[in-house]
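Right, one structure below, let's go through it.
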Amino acid sequence: MAREKEIARSDNASDKNKQRRAFIDKSMKLGLAAVAGTFGVTRLIESAEGKAIPGESVELMTTDGKLVKVDQRSVEKIPEAEHVNPREGFAHRKFVMVIDLARCKNARKCQSSCNKNHYITGPNAWLKVYKMQNSEEESPYWQPTTCQHCDKPPCVKVCPVDATFKRRDGIVLIDNDRCIGCRFCMAACPYSTRVFNWGEPDQPEEIAALPNDLDYGGVPAEKGTVDKCDFCPHMIDKGKLPHCVTACPNGVFFFGDQYEDTVTNGDETYRLSELLEEKSGYRLMEELGTKPSVYYLPPKDRLQEFEKGLDNYDEFNSVEKEEKS
Amino acid sequence: MTQFDQVIHDLAPQRFNIWGKLWTGLLIAVILVGAYSYYQQLKYGLIITDMRDYASWGVYISNFVFFVAISLVGSLITAILRLSGVKWSTPLTRISEIIAVAAIIMAGLTIIIDMGRPDRLFNLFFHGRLQSPIIWDVIVITTYLVISVLLLYYPLLPDLAILKKYFAKNKWFTTWYTWLSINWTGSPIQKRLSRRSIRALSVMIIPVAFSIHTVTAWLFATTYRPGWDSTNFGPYFIAGAFVAGAGAVVAVMYVFRKAYHLENYITDYHFDNMGKLLVLLCLVYLYFNVNEYLVPAYKVTEGESAHLNSLFFGEYAAMFWLVIVGGLVVPVIALIFPQGRKPLPLFIIALIVVLGAWWKRYIIVTPTLLHPFLPIQGVPESWHEYFPTWREWSITLATLASSLLIITGLIRVLPVVPIQETLEERGIEEPIIEELK
Amino acid sequence: MKKIEYTRIPWMLLCIGLLLLTSWEPTFSKQKKPKVRLSVQYTKDMAKGSFLTIHTKAKGDHGYHPTPDLPIVITQYFGDSSVVLGEIVTGVDGSAIYHMNELRRNQQDTTNHFFFGITSPTTDKYRSAKKKLDVIDVNLVTTIETVDSLHKAVVNLTSPGTNLPVEGAFVQVAVDRLFRPIILGKDFYKTDENGSIIVPIPDDIPGLNGNLKILAMIKDSDEYGNVQASTQGKIGIPIVENSTFDQRKLWSPPSKTPLPLLIFPNLIILGIWFTLVMLIFNLYKISKSKSD
């Protein structure tokens, strides 16, 4: 009992420390940004930005041609991507995804990109491409399935410790520092989209050492907690589309803001309402009343026949094993 | 020896004989093996179990449900029967309260064993969400534990006061009995306070007992899954709980009657009545089972179809029919006959009923999880099935052994049958020792 | 007596020399450094200024890979002379952005034609590469006009300095959205003799508070590079936010528990626990009461 109290106290203390550090961090950021502003540092555009590893500095050119090294965190982000706090999310946005089943050829690039970028180590991927056949007479099709980020999320309803939560922008995330591993959310989810870290996740050292970031699911993964698709807020933060959207070679995934009524797969951009009306979009298990944020376009007039995708189909595996050198 | 002394002599806690010691030793051994497995689980994580992303709840949860079910027996025997004016069950109230306390303590511990991050247990209190059925479970289980302990303690007071004199030679017992009997003298004020308190507790425990098993049932019924998505689950679980609890009481009362030669106090009449009660409870539970399985079988919705198939004809068929027929139907038939309600046959049947009750909860928890809405794909073949690993079994057996150890331990120091109430019922009064002039 | 054939000696020397040279060749070509591939794009944002986007890559063992930490020198040419504008270093992904707020002009030259050279000098890893880029500077302006509650985007393309219209340029008009803009009308419109195009804006486009940002873009033009202009107007439908984040729901955090759940269970729990405390207090009373 005493040990548990000790752990809880140190958890509590480290929570407080984290809050303190976050506050100091914020004020330091503000100060640095102000100083940088007086040099007239121009705003950094994403392509020159490196990976967001804390402590890394970036070289920027001032308007009078001088080269300065600035801490990457102090660089002002694109205003659109500004957000209040990771439990609340982006203001005035509601993220939706549209998956065009007519285009899916089971290339699985979405799955491998997601696995790779979230350092998924278990054998169960967050994004699964199901071989679906609703009945014997109906024709089979490939169905990429992410977390549906439901508007009435059964998983969030049952979480006893507020470890999984729904944000203002519609994204459902998991706080791996809070999760107690009761797995009630996994029992409640009808889409079988959540995975559990049954043992110690086998992630690279530098990933496992990272602090918990609510915007970046699975980085790092924690033993005894739940993980799932996060709609990549860490990418949205940089003005980029989620990994699955950009990785798909067939333009299957569309992503965007429902309030803006716009979705894009990177190359094609549509009005969401027009796309859903024209292609007769639907949601999975609508009758359960979960109100998912993912719409599907029926597999009509397919780009490629279903059978060709069978080459890539692996019934018993969804995460490629890393070849360790 | 006066009648008074006889009763006390019969009912006072006795030393364990060789069997008692062996029994305790066996329980401790089982617990130690389980404790080592749990240490492994803390070190490596829940990966030492056979649970994986589809069968994400397994034997730990069904074991937990079993414990909650057993704990309801306290409310049944002690409260419901007592409040309805039933007198024959009085000797059994102590046993049922002890079983209830042991079961509810182990229920709380068993659920912690299932947590992926038990180090974060206190998040339940710092960040608890009232919207979550797990929080409801935590609240009601805690409340039920307190009520059960009080309902064990209050009737114990007069007995402790009697025993402190009986054990005058044993310093250890005397100290504890004196301290715990809190100056009980049997005065009118004390009797009135006790009577009122026991009455209040008996009334309170019934809704709380109904709550704990309803809330536990809702851990499943608040999900969409076939097999769990049932409006029937609350009453279904409670009916099952009474069956399991009654069976447990019969089993324990037989053992103690034998071990302590309490044939005068726990008579054939008690067994006969418990047998009849068990028949009634089994019939009620069978009725709920019929509702639970036949109605979906009539409709066979898409979600239910694979699940019901596996229960009736498929991989879980043997277990299912064994539990229903062997665990419920056969006992009912056997107990209809008076010969079946004799102590030894009833004891065996009760053991079968309890065993069946344990496996029934396994049948409720696991098959549903292996029949999700979306097909199971992209995961290793072993994930399509679930059977507990030997470590899971050792931990589960350790929890069962722990509950038995608590019962055994309490019986070592507390009278199995309430002494004071027995004296009152038999009209025996404490003889007044005349002062020697 | 044998005659020593002295005439063969120069031939032998030549053969030996050739042999040495050819045997040297392979080692020489192994040390040959890969050449950097440069690609440059010119972009002029009418509000924020011009910049060059430079992408670099080089051939490695497994195809092309980006080249980070590569110095790039940007030069501007005026007729025969040249001025080094600045130097920049590529980032992790091999790209760099060089901002030029004011294009340096030669007073005599009124053609608005600018010439740049982008060089990556030889480093210890890579050979040098050079790219030339010439652009014609234009001013792109877009405004929103509303006539009879019908909105349209009016785009004007002029030459800086003379303000003469630029005809025949391909411009795209779009509504700014979070990830990619929504194109209005046709994919491209050609500027007329007045250097302008008019694109109707539909009246059912949602925007924050009804605000819409209209973009006019020249894309990948051989003459003008990329040019972007924008304007804002309250011509859209105000977005209606339907998030339940602020409401008390079954899926809200503990601070927003639904009221029935907050009130009734708590009342019941308090009632029961109050009674339990009283019952425990009764035990205390029992222990304190005197015997008769």
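Order of writing sets the labels: A, B and C. Residues in every chain begin at 1.
Everything that follows uses one rule, which is that a residue touches a chain if its C-beta (ideal position, glycine included) is under 8 Å from a C-beta of that chain, and two chains touch if they have at least 3 such contacts.
All values derive from a computational prediction rather than experimental measurement.
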Pair of chains ranked first by number of touching C-beta pairs: A-B
Most central chain, Cα average position: A
Chain whose mean Cα position lies farthest from chain C: B
Between chain A and chain C, centroid-to-centroid distance (C-alpha), Å: 21
Geometric centre distance via CA averages, chain C-chain B, whole Å: 66
Separation of mean Cα positions, chain B and chain A [Å, integer]: 45
Per-residue multi-chain contacts in chain A, two or more chains: 157, 162
Junction residues of chain C, two or more chains touched: 250-251, 253-254
For chain B, residues contacting two or more additional chains: 127-129, 131
Sites on chain A touched by chain C in the complex: 42, 45, 47-51, 58-59, 61, 63, 65, 67, 80, 87-88, 92-94, 151-153, 156-157, 162, 165-170, 239-241, 255-257, 259-262, 264, 266, 269-271
Touching residues (chain side chain C, partner chain B) in the complex: 250-254, 257-258, 261-262, 265-266, 269, 272-273, 275-276, 279-280, 282-283, 285-292
Contact set on chain B toward chain C in their complex: 127-131, 136, 139, 143, 146-147, 150, 153-154, 157, 182-185, 187-190, 193-194, 196-197, 200-201, 204, 208
Residue ranges of chain A in contact with chain B within the complex: 4-5, 7-8, 11-12, 122-125, 128-132, 145, 154, 157-163, 178-184, 186-188, 190-192, 194-200, 222-225, 285, 288, 314-318
Contact set on chain C toward chain A in their complex: 53, 85-89, 91-93, 95-99, 101, 177-183, 205-208, 239-245, 250-251, 253-254
